[in-house]
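Here come two complexes built around chain A, the first alongside chain B, the second alongside chain C.
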Partner chain A sequence: MKALWRARELSTVAILVVEVLFFTWYLWPEAGRSHPFFNFGNFLLIFKYSSIYGIAAIGAAIVIISGGIDLAPGAIIALTTVVTGYLFVEAGWPLWAGAGVGLVVGALAGLLASFLIVRVKLPPFIATLGVMGIWRGTAFIITEARFYDLSSKLPPNWSIAGLSVDWLGPIVMIVLAAVFQRLMTGYQWGRSICAVGGNETAALFSGVPVNWIKTSAYVLSGVLAAVSGVVLAVVQGQGKADLASGYELDIIASAVVGGASLVGGRGSVAGAVLGALIFGVLRNALPQIPGATFYDRLIVGVVVIGIVVMDQVLTRRSAAN
Partner chain B sequence: MKRVWMVLTVVALGAAWACGGGGEKAPEGPKKLRLALIPKGLDIPVFDYARVGAQREAAAQGDVEVIYRGPDKADELGQKQILESFIQQKVDGIAISVLNAEFMTSTIDKAVEAGIPVVTWDSDAPNSKRFAFYGVDDFKSGQEMGKAAAELLNGKGTVAFLTSLGAYNLQRRLDGVKDALKAYPDIKIVETYDLKEDPVRCSELIATGTNRYPNLGAWISVGGWPVFTRNALAPVPPTTKVISFDTNPPAPDLVKAGKAHVLIGQKYFGWGSETVKLLKDAIAGKRPANPIIDSGIDKVTAANVDEYIALWQKMESGK
Partner chain C sequence: MATLEFKDVHKSFGAVRALRGISFSVISGEAHAVVGENGAGKSTLLKILAGITRPDRGEVRLNDAPFDHASPREALAGGIGMVFQERLAFPNLTVAGNIFAGREITGTAGRLAERAMRTRTRALLDQLHLSIDPDMPMENASAAVAQLVQVARALAFDCRVLVLDEPTTSLTDAEVEHLFRILDDLKKRGVTLLFVSHRLPEVFRLCERITVLRDGAWAGTFDRGTTTPDAIVRAMVGREPPARVDRPAVDLSQPPILSVDKLARAPIFRDVSFEIRPGEIVGMFGLVGSGRTEILETLFGLARPTAGRIRVRGADVAFRSPREASRVGIALVPEDRQRLGLHFNLAIRHNIALPWASVRGLGPIHRARETKTADQMVRDLSIKAASTSAPPESLSGGNQQKVVAAKWLATDPSVLLLDEPTKGVDVGAKFEIHNLIRERAAAGMACLVVSSDLPEVLALADRILVVREGEIRGELAGSAATEEAVMRLATHEAVVPV
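For the complex of A and B:
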């Protein structure tokens, strides 16, 4: 099983490499011009924007592997930008304190979802759909359609420890992916997440604290979405209630493209980050092809279906062997 | 199951209390005119200035109450539902910024047939029975942006557009820009980017587009997405000009900083205050001779930005 997972992550890496090679070839510049896609600055851009989805996709993957689904990350991202923005811009708190409260809000959001799922026994889809509305609505109530301009209070060309703020998202994403990949594969908690998602009843009879495991998955998903929100607020300089609208579907798609099975029990957080990068490359490269900006919805849809179908074929073949 | 009902009951009671169901009854006073102000979406910051303008005008008039309600985001069906609910409530007048003219025309007509005067603002439904439209001519505004770009580029260079597909007023502005640029054959349109009303996507597209076209002459944005934050234009080199719609803060600061060069703004507070006046007059039987009331535009450049900031502060404070 472990070998299959590893193979699945490798296939995600292979898709990403093929994608990069394709766009490098397709966007090859005329003689004398620098390459518009294959250059360091552009790769940083891809990481910078993918990190908003990728950080939240780590949490989404954990929830999906545990057999659930979380539709709230987009709303939690928006609420976190609003809370951080309000405390930093309006209340005059230091940025770190505003961001800290934003993360607590994310944890509370996850806790509410897990309460509805574990205690009230609502289906995860319904519970997180409701929670999504509650947090998006809360963000609108706080802002009353205005937005918090964090960029007005942050120094221009801001850097952290000598690194441009553009690096914040990519570094946070990579560190979190490494930490959670280790937790998922090398610790009892990660194995329990897979066990609960694979067969909840069997996990219960094996002594796995199912409710606690599910609660931890949703709380982490909330916190990771909030981390994504803090990154968005700092890098984009805005706290706004409609930010990240519809991102929940891209976040779930990143996890699924990265190998998370929607029936639970299988997947990888590193794969989810790779999935976010696959979409990030598409979002970056397609606008560089003249006229392709109008086709990107269609192309992204085809890519999701193509990768998931390929995954299923590979899984069936492995099972047959 | 019992527990579920308990939770639902608590939520329902809480909601009723929050909505004022359990509050004290408002004291009876002279009957006020109830006017509904409907924006395209509550998530679009500029519409909040319309609310401020309307409520300020209502307070000045004394006998008017403004009810501001719109869909959370630009959702046509949501807006239609809100319009229908105001017809049901038999409000005295409706001012609406129409998301989709064809889709909304029959409902606007239904309101008028029910005896409720309707005025459109910002975005019109020209084939409906609304008695007036207050706002800018989007095509002309687009032409202004095109001309401004041509002047900044001395009639020569490359331009890229930022828009969101599907919105009629944005399309009209884009048509206006293209129309003005026809007079400048040495200006080449290299790309039209669809940012899907997503400000994060806007930043991403500006960064990607700058990477793709490092010698781009000008960005022309038919909406205010690039100037609603200071960060979106950070990757744009000083050689590239930026012409954008919308003049509300922090946009003028970007002009001062040399990141944006020409801004085209609308009469945001007027959307509310002028439509309240128009509705009150219509209820009293007085209608404008010309149903199309061009509010005019504000053009902000480095030459007048300080003046505009002072004016904005005055408008915002209401003094």
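For the complex of A and C:
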């Protein structure tokens, strides 16, 4: 089983490598010019923007593995930028305190979703669809069509511990991915998430605290979306209610491309982050191809289907052997 | 003349050789039984007939033509009808909808010819002496009716060979008799029956010839007239069945581990009182719907009682979850291993370790201890698995059942509740599970075995509690109880003083 997981993540890495090699070849510059895609600055850029999706995708993967679905991350990201922006810009709080409240808001958002799912027993799709509307709406009510300009209050060329702020997202994403990968594979909590997603009734009969496990999945998804929101607010320099709209689907797609099964019980946190990077590379490289501008959404869609189909074919083949 | 012929059929799944050169033939118009322990290859044989899988080597011939179908639909069109053990029905459709699912009668532009299907359904149901409404939703059908609707479906497709896989598991005796009368009738009309079952009395009642499979190989085909159930069992297991084990008398001076006093869960059961001492095996017998499973679930914290008390080692307990119950040493081996017992997305090893680890919390997994615990259980219970890192999918039913038992035995409980511990497992696995229960009792566990298999209860239990309509109707000493006495209490007789 462990070998299987590992193989599944390896194949996601392989897809990413092939993708990078392809764009490196395709965008190879004329002699004497620097490569527009294969350079350190561009890779940092890809990491920086992918981390917004990738951090939230960690939470989405956990929820999906537990047998649920979370449609709220996009709205929670937006609300967090607004809350953090308001407290930092309007209320004059220090940034860390504003960000801290943003994370608490994310946790509460996840708590509301889990209450609706675990106690009221709504289907996760409906519960989080409603919750998505509530938090997006709250963000609009707070801002009243304004936005909070964090960049004006942040020092220019701001750096943390000698590193440019561009590194914030990538580092947070990698650290969180490592932590949650460990929690999912090496802790009974992660095993319980898989058990609940694979067979909830059998998990209950096996003494797994099912309600607690499900609650933890949605709360973590909320907190991780809020972390994405803080990163977005700092990187983008804005707190705005219509940020990150439609992100929830990209985030779910990242988790699925990374091996999460929508029927639950299977998937990987590291895979979800790799999935976010696969999309990040596409979003970065496609606009550089002349004439591809109008095709990029279409290509992204085809890639999602292609990767999941390939995965299923491979799984079926290995099961048949 | 042979209708259905198996010629040197081989099939492997990975390293597991499910069938190794099966050859036998089924004569047109006969009722032919296929028996064998779980893992003997019966399921694989059925899958080939149903068109779900194909043999690696060898050939299946139907009416002297090769039978090699790629899909269940083609197999059905080829004249083989299947009646499965599980209720493979669409609960949301009507009876008629189920019978014609996938091959609806249609009019112009694909419009469903509801009336034609209803009429045809009524005719089919009449043939089966089944007076139910074709428009009844399938979810309202009892297990017996669902089984017969599957037969009707096979007949609707004009099948010449009807394959029945353990069709009687969830039927009452009267329902079994009804089914068999219908099958006799079909046989007279020239339908060939292939009957797969663990229940030898039924096999002898219905079938003229009996083919025994053992470890994926053919172990003989017997004529009903010249063989005996004992001979069949010997061929199945390749050894004499162990005799009933005499157990030492339970020390009645010991205080009970579990005492239940006037427990009730309205409206399902009421006034349930009993005690179990260490080392004791108490059997609880009741027919389907008597409330026996609900009593176990309440003891295990899956539902709250509405009245009464449960005491463990003299202390009152009120569990809100199985987790709390398992903390004080209560374990429940549930009835439905597919739905309640197993995780098919986890390795066998992780399945076994799940309750054991869950009681310990959500912290780091001690892989070495986990593997040691699981491997120990696999050895103790002689679970036959190629690898404990594979999901339990690859195991036979009996071995899956042992994995479910292993899950809870690994927690080393002091009270072991077992719900239908040998349902759907073969004779060999049944003996092994019975011995396992006896061993654990001898080691001081208090065991409560709920079963609708009367010989099982009689063979195992020191005392037998009989449940009917949510109440305990009587208690009998295991050694003195007879099938008739227990059945009388379970069906109609007034309460007898203990």
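Assume the second predicted complex is superposed on the first by the 321 of 321 C-alpha atoms of A that agree within 3 Å, B and C clash if a C-alpha of one lies under 4 Å from a C-alpha of the other, contacts with A are read in each partner's own complex, and residues count from 1 in each chain.
What we mean here is this: a residue touches a chain if its C-beta (ideal position, glycine included) is under 8 Å from a C-beta of that chain, and two chains touch if they have at least 3 such contacts.
Small disclaimer: the values here were computed from a predicted structure and weren't measured.
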{"item": "Clash or fit (per the criteria above) of chain B with chain C on chain A", "value": "fit"}
{"item": "Chain B versus chain C as contact partner of A:Ser206, first or second or both or neither", "value": "second"}
{"item": "Which of chain B and chain C A:Gly197 touches, first, second, both or neither", "value": "second"}
{"item": "Partner chain in contact with A:Ser11 - chain B first, chain C second, else both or neither", "value": "neither"}
{"item": "Which of chain B and chain C A:Phe140 touches, first, second, both or neither", "value": "first"}
{"item": "Which of chain B and chain C A:Phe294 touches, first, second, both or neither", "value": "first"}
{"item": "Touching partner for A:Gly41 - first (chain B), second (chain C), both, neither", "value": "first"}
{"item": "Angle, in degrees and to the nearest 10, that opens at chain A between the C-alpha centres of chain B and chain C", "value": "130"}
{"item": "First, second, both or neither for A:Gly237, with chain B first and chain C second", "value": "first"}
{"item": "Chain A: partner with more touched residues, chain B or chain C", "value": "B"}
{"item": "First (chain B), second (chain C), both or neither touched by A:Arg283", "value": "first"}
{"item": "CA minimum distance (chain B, chain C), superposed complexes, angstrom", "value": "19"}
{"item": "Common interface positions of chain A, toward chain B and toward chain C", "value": "none"}
{"item": "Complex contact set, residues of chain C against chain A", "value": "14, 302, 321-323, 325-326, 332, 334, 339-347, 350, 354-355, 357-365, 389-391, 407"}
{"item": "Partner chain B, residues of chain A touching it in the complex", "value": "34, 36, 39, 41-42, 45, 49, 52, 119-120, 122, 136-137, 140, 144-147, 149, 151-152, 156-157, 232, 235-238, 240-245, 283-284, 287-288, 290, 293-294, 296"}
{"item": "In the complex with chain C, residue positions of chain A that touch it", "value": "1-3, 186-189, 191-192, 194-195, 197-199, 201-209, 264-266, 321"}
{"item": "Residue numbers on chain B that touch chain A, as the complex places them", "value": "3-4, 7, 41-45, 47-48, 51, 72-73, 165, 190-194, 198-201, 203-205, 207-209, 211-212, 214, 228-232, 234, 249-250, 253"}
